[in-house]
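Order of writing sets the chain letters: A, B, C and D. Residues in each chain are counted from 1.
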């Protein structure tokens, strides 16, 4: 039997699963449901009691269930206990700014050391023939500016860091 | 350079291929064509000069080219030479009768030792709720009858042999 | 309207019903046999229950299990699809008795039309023309000989409870009669649990033409035009079209009016089909009534723009049809090709296998109705029809060209199929001219012709490149490769589009 | 009619043209950049030639290479699709000079309509209403400030040679004007090789409504009704429908008549589109003319039953249109969803990846136009639109329900897509009511809502089962997962169908 927590403090629901491979029983707040996972052509469908669900992974914590996007936070018992001790928990809004799509830097709107407000424009990047403004995820000071106009970059390339004002 | 013969005596065409992997040059009766094989999602398409062809294998010597069935006989140089020496060549219409689809024997219309004409009914087999009559591929005597009514068989199961009259 | 229905069938027709139900906000329950547990019709439903092992008698024909599950899961109605329990009067009656709506006509109508002999009697009484023959089941095979002598050979032997070519035999010579009656009786018993067969005069080179009917419980009976279904192999339809290119305006009016009259005579409700035989002079005779959705209903949907499943659901829920005969408009032309797992070069024997690639055609005027996915196993337990390709165009010529384009664009691997065969049918001169009888395929045996150099070279190259890569030269798929092709230099279907 | 044409484009529109050409017995030549060598538009053509490296300027915009290959291979006409060279007057002129038919209007018409300022002048002269603004390109950014003061803010800055939202900016405050003009100029230069921009008065909460035109060289100019294209993100259309639910019968008659008048005024031939802005009182203003096939042409095809590509080919071959305005019938309602590789939760940024699964929806009223296959790589070089899903039903309500059903049935994995986003759009109250402006998406930012227990449990189970199997728990795909969802307990789009 493996135990899980779905959701966050104040809104969590307990889940428990026992079974082998693609079959088992899921215990949840409304009772128990027999579970069968079914694969056809690389796709996993789930039978939860009598209900059928088509689940496709989309991203970290993001799933398409029956054609609709669902975002969940699932922790195993162990992860939840760590979190209760203050060892886990949700991350701060990061100061590292990365390129969200592959593209070419058209212009850099800020300079190293410049103070920026949350939402202020940092760079203009062209991707698929459209100009996109990359905005500051939080207020702070621009550090480690790593790109210049004309650079062609892959998705995820580090652009610059924004150091929070209180730490600078 | 590998050489091949396409077709049969009196109607053959010579082909030669030189190249590596999925690219090369094909020499044929109309000249030479550069060749590129292209794979997308497990499917092979061919670029023969400027012409595109979508080729799907369907069975032994049978292909679906641009959506149409094409049957070819292709021999390498070595195979063709063996054949010229009388060591290859086309097979006699066989005397072995096999089940062409999975099914259940409903009734056996002939007995061991019985003389049958070409096209005469041998067995009735039910597959997908339809009765199908299996007919004699040639005239002869029924031997090695291996099935009885009620048998559920896989595709290709041996049913009986028909020995040619001249050999019996 | 219902909030949940159970669909007592398998394969593409279940998906067809799920789609419309979902658009109407109705939840769906699928049923399945053990072997179908990973089939698309199960995976796409909102809920699903297993009925039992693979044989239909232990799963899809288990009326008791189906009713039990429908009630347990709170379904309010049962859609029977086609085949299986769709024309089973006892099942329809059991549904109503247990408070579930049966999406079909009343049990009495199914009984009347389900017995071909009783249907004939009813139609004669209603003034609908029928083919001469016995009016009741044969007492014994010898009776067949007497009747045949009276009405003249050739004759057709048909299962009284039958349909879909099962339990059906054409007899041209008197000495074949008894053997044929026996075989038809056996097949009828196996397929329908009822071995009754009867005899009809055989109409030479007939057209198989049917009229789509839609009737509600408030007295409205409409027709949605006719379909030509004369392209048949093994007595089963393979290509259908609407409208029929053979029927002229005057005949169409009389034919459709007769069909409405026939449906009215039995107090019909639901979508239904009146099948007729039509001879070369366009005389038509009642053949049978199908008291359910037909496989080929989609060609009518494309021409009329009316969703027949939606109308079935509305009628079953007691609604009044929001259509009138005058407002039903017919636009353009639609052709359906039934995509089957079968080896057409080896006499259309059913094939089995596992789908390794499925890429349906797309673009204007193309509709797919399938239950296919890569990975799906096509077994021997059920009907070999895997999918339907339906193409529409403003003109019949355009609909043919579009169907042929779509067939060639269609990729389906891992199981031997009839896509090339359908393309060949659509190029037959009689088909192109629009005057073909049910004899069409008997008169044109399917085989391969000589290939042109370019296409043969491409096929050869496939082999050469795979050999060069050290891959297995013998391709996958369970095509038998039997037929003329095997012993010939190179063949292909030479039919320019 | 032509026996061979070259299609100077890539992706779904090439397949769209190949399909109709094949149905008409016309052979097709595809062109491609090195990175597109294994793309479906190449593999499905009869012949194909490589133009050069991935950047459009070195491949799909290489007019010289395209003409050279068309002549070498014996193509008689060039279909430009949309984008790329489709509205390039020099290319059209070069085609005609070298004896190749350009499947579009004359170079002069492209020039006139391609310059937004000249198009405005022409329309004013023809009596077609236009939005107040500059009639010629801005001399410098400062001029923008003067014009804006005269006609009043807010204003739109637009590329004179533009289209598709490129080089376009809305400015509401005067201090933003100069920066916006500069950015638009840069973008215009990069996209169209022409940095001219102009200013127009901004119509508040406008509807973007366009009329489909079809004109031959024999003086026939027809309209095929209007399309509502107001659902836009990043100034680009994402959901379109026909007819517009906002346009009433009286407005429709005036609008379509005006469009015919506009096309006549320039001596138009080919399929074309006149775009209008319509305000809340249903006053309409000429916006621009697209002298080519539109992405969204398929909704018009489904409603009218007319194949626009077929008509384009006939017109280009000099045939007279076999249609008349009275005989064009409009049936039911069609909606198109553009399926794009983009991360809608992260502000619609384009996404890249490799398609691992593609299972398009099927069934009644569903049309797919895609260039997708499992294994296809979606790169950063071209437009992120991968496919179009077009759904038809007899009623608008039914067309919405069908589109939503089809979107949910659609499986596409390996690249982040907007299927869920489109489903969310179709459920917005303004969309359902049929009165929405181009502001719709700005007023309704897309995000995830709370999920219900059942769906959240299913998602959780997916993770649990994969962990149990020892598989990688982090799923594939390059969805960033950014957005509200990431920091929330569990969310989903709660919108019952």
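The rule we apply is simple: a residue touches a chain if its C-beta (ideal position, glycine included) is under 8 Å from a C-beta of that chain, and two chains touch if they have at least 3 such contacts.
None of the values given here were measured: they were computed from a predicted structure.
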Pair joined by more contacting C-beta pairs (A-D or B-D)
A-D
Between chain A and chain B, what's the gap in Å when you average each chain's C-alpha atoms?
55
Distance from the CA centroid of chain C to that of chain D, rounded to the nearest Å?
39
Averaged over CA atoms, how far is the centre of chain A from the centre of chain D? Could you give it in whole Å?
31
Indicate the whole-number Å distance between the mean C-alpha point of chain B and the mean C-alpha point of chain D.
49
Chain B: which residues touch two or more other chains?
41-43, 51, 54
Would you pick out the residues of chain D that each touch at least 2 other chains?
44, 359, 373, 408-409
Among all the chains shown, which pairs meet the touch rule set out at the top?
A-C, A-D, B-C, B-D, C-D
If you look only at chain B, which of its residues touch chain C in the complex?
2, 4, 6-8, 11-13, 15, 17, 19-22, 26, 28-30, 33, 35, 37, 41-44, 46, 48, 51, 53-74, 90, 100-103, 106, 124, 126-132, 155
Enumerate the contact residues on chain A facing chain C in the complex.
38-43, 45, 47, 50-52, 54
Chain D contacts chain A in the complex at 165-166, 183, 186-187, 190-191, 234, 343, 345-346, 349-352, 356-357, 359, 380-384, 407-411, 413, 416, 419-420, 423, 448, 451, 453-465, 468-469, 474-493, 495
The residues of chain C that touch chain A in their complex are 29-30, 37-40, 42-49, 73, 373-376
Which part of chain C faces chain D closely enough to touch in the complex?
15-16, 19-20, 22-25, 44, 298, 301, 305-307, 309, 329, 331-332, 359-360, 362-370, 373, 393-394, 398, 401-402, 404-405, 408-409, 496-497
